[in-house]
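Presented sequentially are two complexes of chain A, the first with chain B as partner and the second with chain C.
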Partner chain A sequence: MSNFSFISATGWRCGCCNKELQPRKVNVEYMGSVFNVELMVCPACGMVLVPEDLALGKMLEVEQLLEDK
Partner chain B sequence: MTTASLRHIPLLCEQQELRQITGDTLRPGGLELTRRAMEFCALPARSTVLDVGCGYGQTMALLAARFGLAPTGLDPAPAMLRQAACRCPGLPLIQADAAAIPVQNDFFAALISECVLSLTDNMPASLQEMRRVLAPGGKLVLTDIYARKPDALPQAQPSEIRSCFDGALPLDTIKAHLRAAGFAIQLLEDHTARLRQLAGQIIFSCGSLAAFWQLFMGADKAASTCSSLATAKPGYYLLIAEKE
Partner chain C sequence: MDQPQLRKLEATCIQEEAPQCSAACPIHIDVRAFMGCLAGEDWRGARRVLDRTMPFADIVGRICDEPCRKDCKRAEIGDPLAVGRLERFCVTTTPMVLKQPRLPAKGGRVAVIGSGLSAMTAALDLARKGRNVVLLTADEEIGGSLRDYTEEMLPARVLAGAVEILDSYGVTIQFGSSLHKEFFAIVRQDYDAVFLDKDLAGLASLPVDCTQPDPLTLAVGQDGCFAGGGSTENGFSVMKQVEDGRRAALSIERYLQKVSLTAQREREGACPTRLYTVTSGIPPLPEVLPADPAAGFTRQEAVREASRCIQCECMECVKQCAFLQEFNDYPKRLVRKIYNNEAIVQGTRTSNKMINSCMLCGQCTVICPHDFPLATVCRTAREDMVAKSTMPPSAHEFALQDMEFSLSEFSALARHQPGRDSSRYLFYPGCQLAGSSPAGVEQTYLHLTTHLDGGVGLMLGCCGIPAHWSGRQELFRQTRQALQAEVGRLGDPLIITACSSCYAVFKEFAPQLRQQSLWQILEKMELPAPKTAVPPQPMAIHDPCTVRHEPEIRASIRNLVKKIGIATKEQPYAGELADCCGYGGLMQFANVPLGEKAARAKGLRSDLDGLAYCAMCRDNIAASGGRIAHLLDYLFPSAGQEDPLLRPNPGFSRRHENRARLKQHLLTTLWQEEPAMAPAYKNIKLVIAPQVMELMNKRHILEDDLQKVIHQAEQTGRRLVDPENGHFLASFKPVRVTYWVEYQPGKQGFIVHNAYSHRMILPGDVK
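On to the complex of A and B.
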């Protein structure tokens, strides 16, 4: 398996809970499909951080794939 | 490249990297399409079913536990059969190729082959053999890759890894092979969205499709494979036919 991961020591804390985000596998529903992705998550409330490189990079690649007719 | 030399090239479905992404089904759609197909077939309990390319035995376990059927597994890979034996204790397993099934004529009530037919060396011969072991009126369940633009598929013989993409044919050709083998098609559904779902999961898991292919081949070959597949627009189908 590739070592690719969206997990990184960001220093981000949850704005609501003031907890340090932790890596966790989450299900991302996107354009009618569900993907299992490892992301940084608030351990208290479950808020998920979607980093910029995921939103503008991989999600774009997946979007182009799913839109392909 | 001869059939004999192709056998020495590793199969994508035997790679742990794929297994980590798909789970033990090793195919788009997982067990959902299997359930859909078996509900359509509505076989009586204890009906005999041959799973050609049974892999790790996920489908066999489902057929026995959920549908009360009597599955037999067939796969050429000993390592997969060993794990299928652990998952499905007591169920019969055969180490053999789809084109030479060591079973008497007219034996099985149904035959299921998921994401395997396009991997066989000779699709018409494999279909003839599948028909031979099916009882009259027996059901054939297929899920597999097909080529929407076959001319763009990588035509160079695979040297690093073999996958279902290598033998993917247009749907019209597959239907013609089925009719020539003596099957009447009862259901044909497009499930290309499930193939895209798997490709999307690969992107999230590996970073990109190219990074996934680079697990098995060099960067240049991986890039050309991605480019060819993007142009060929492979699709995925579920087909159910009956032995005439």
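On to the complex of A and C.
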């Protein structure tokens, strides 16, 4: 999932900073593998949004793949 | 698993053994495949099966004396298959499809003396192997005794076709040879090996005794001489000619290669098979006879007759087990996959899911004619994965955390009966009954304390079977030891076990603990007057898989049920053959959809309302839509209890809470003790709609997890907000899983709209 982009317009805003989320590259990690992916993130505090379809879709798929490696 | 273990296991499953028909066929024609092709109107496919193994199929297929027929499995329930007539149908309606290749010419000169079918077969087989073959016969035509068949049975032109075939493989035929003594001397000089067809007049005049060839090799007195075929005391058998010709050709081939004539030849000729095929329940259809016997089968008749073939196989275990059906394979092949999975050092271990999907229930072992131990194999494989750190973390973590909670200060308890300082008995309901039916546990305990003398202690906890099933041997050992120490502290009372999984664990792994099943105790006890009316219609008892080897417990259950007036009707997959509900082996956690299938399948074994005495069976079957009650619901109903048949599956969160509340409740009401302080996040009140709850159950998310997320979010203010609807979205990673919850503050508490989780670690998370 490295170099994947999961950005899409979202109504969620950061509740701390009251800012709109913006696409940003972040590192996510599982079982020792690090992936640089583009997610919607609060530009001020860095809070990351993982939407449901990502968590239960691509992320789950990659998690299971890594678990069987 | 090492190679020898793998071999031994593979040999235990006989699914791949030959069916009776091909085992009984002297040249092992794949009769089952032949029947399958004909039944499917694959005429060329059927002919190909014959061409692959049968020499001169146009001839032999017309006159085969079908020695396999008597062994056909259908004979057990009626008429065996008309193998011979179907072969005749095949070769008379479909010309040759497969011409066997001829291997490159090798050295070695072979003389075949005679013109009968064994001579023909020997000559053909050796020529195919690239040997230089000469067929010498005093006759003027090919066939020997085959020439006695009527033109209708075996037309002369078909028989004569053999000459062309032999010719095409380079066999030289010398008709009209005179077989005198000097001739034989010349033959011995000119050829490396000789085969003598006993279907030959004048054989006795030759200076070699052919009367008693060695049965395995067909060798006769002189070195390099072999003899076979002809009539025996049982008359003339076509397939005997073929068998002997083929056997002699193999001997000669070995003789020319100068290798052992005898090694590894047990499987040549008719031989026994271990294939196991159950014929009970198969309708005994009568043999299809051709309307015109002289003309033989029409196509339709052939299809109908071939369709009677059972397509013999074993698959007995696969027919019953939801796991084996899901992975669509039989144990012989699965153990090979498990072996290969273990051998992978780098790369994807594609069988992890399969290994974690076995319910470890042992049903297959009971069904299998050779007791295939698949559960042990899968559990050992899991232990191996844990030892090598290749066990996927997501498979069992949720169940193991549940176990941890059952053993924690919030749910676990061990006390003497209130007001006493010793216990003769110790009631051990087990974690799942406490989670499913805390009121049932309380009622049962009160009943036991009032009816048994000498003090009945109570112990809430977990026997550790989730650790055992998930391959965590060390954790299992620690759990057991702690439990044993606790029982020791209470003075080693007799444990009254309600759950049959706990019973199985104590029996196998802690035999020093004295225990008796709750049901055996209750059976001998005065029972409370029924408060809930038992259903008037008969119910089906669903034995849990863990009592498969406990006939006494099963008998006690049936006595109890009778005693309280429940009528029952046994279903076939009860008792020793009981299915697992999906909880066994933690399968329902490692493979959620398969868990649901297994529970449904168990429930559907009977169309009557179900009666369970294992909390997990009860809840899983109820979750799959079955109407099922727990026996305790009728024995010790609690006040205001709903219809036991309609009690819903509590789900994971409720089970969790039930255990904690049971402990709190009993501590305060029975022992007048203060329960442990709940952590602050427990004060978060949640409002969860049933469909959200169901989603959380499927996703293995507990209310407890959501309380932690919301507590954290509300404390720190770190949450996303949707200005349109005022919903918040927050995440938290208590241990390894990150939980997300979409919520909104409400009057009664936080309204949960959605919840999901992932295991990927986000930046800023603690690893």
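Note that the second predicted complex is superposed on the first by the 63 of 69 C-alpha atoms of A that agree within 3 Å, B and C clash if a C-alpha of one lies under 4 Å from a C-alpha of the other, contacts with A are read in each partner's own complex, and residues count from 1 in each chain.
In this text, contacts are C-beta pairs under 8 Å (C-beta built on N, C-alpha and C of every residue); 3 or more make two chains touch, one makes a residue touch a chain.
Note that the coordinates shown come from a computational prediction; the quantities given were computed from them, not determined experimentally.
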| item | value |
| --- | --- |
| Touched partner set for A:Val28, first chain B, second chain C, both or neither | both |
| Touching partner for A:Leu65 - first (chain B), second (chain C), both, neither | both |
| Touching partner for A:Val48 - first (chain B), second (chain C), both, neither | second |
| Touching partner for A:Asn36 - first (chain B), second (chain C), both, neither | first |
| More chain A residues in contact - chain B or chain C | C |
| Shared chain A contacts, counted only where both chain B and chain C touch the same residue | 28, 30, 62, 65, 68 |
| Of chain A, residues touching chain C in the complex | 11-16, 21, 26-31, 45-50, 52, 55-56, 59-60, 62-65, 67-69 |
| Residues of chain B defined as touching chain A within the complex | 16-17, 20-21, 193, 196-197, 199-201, 203-209, 211-212, 215, 230, 233 |
| Chain A contact footprint on chain C (complex, rising order) | 347-350, 352-353, 392-395, 717-724, 728-729, 731, 738, 740, 754, 756-764, 767 |
| Of all residues in chain A, those that touch chain B in their complex | 1-2, 4, 28, 30, 32-37, 58, 61-62, 65-66, 68 |
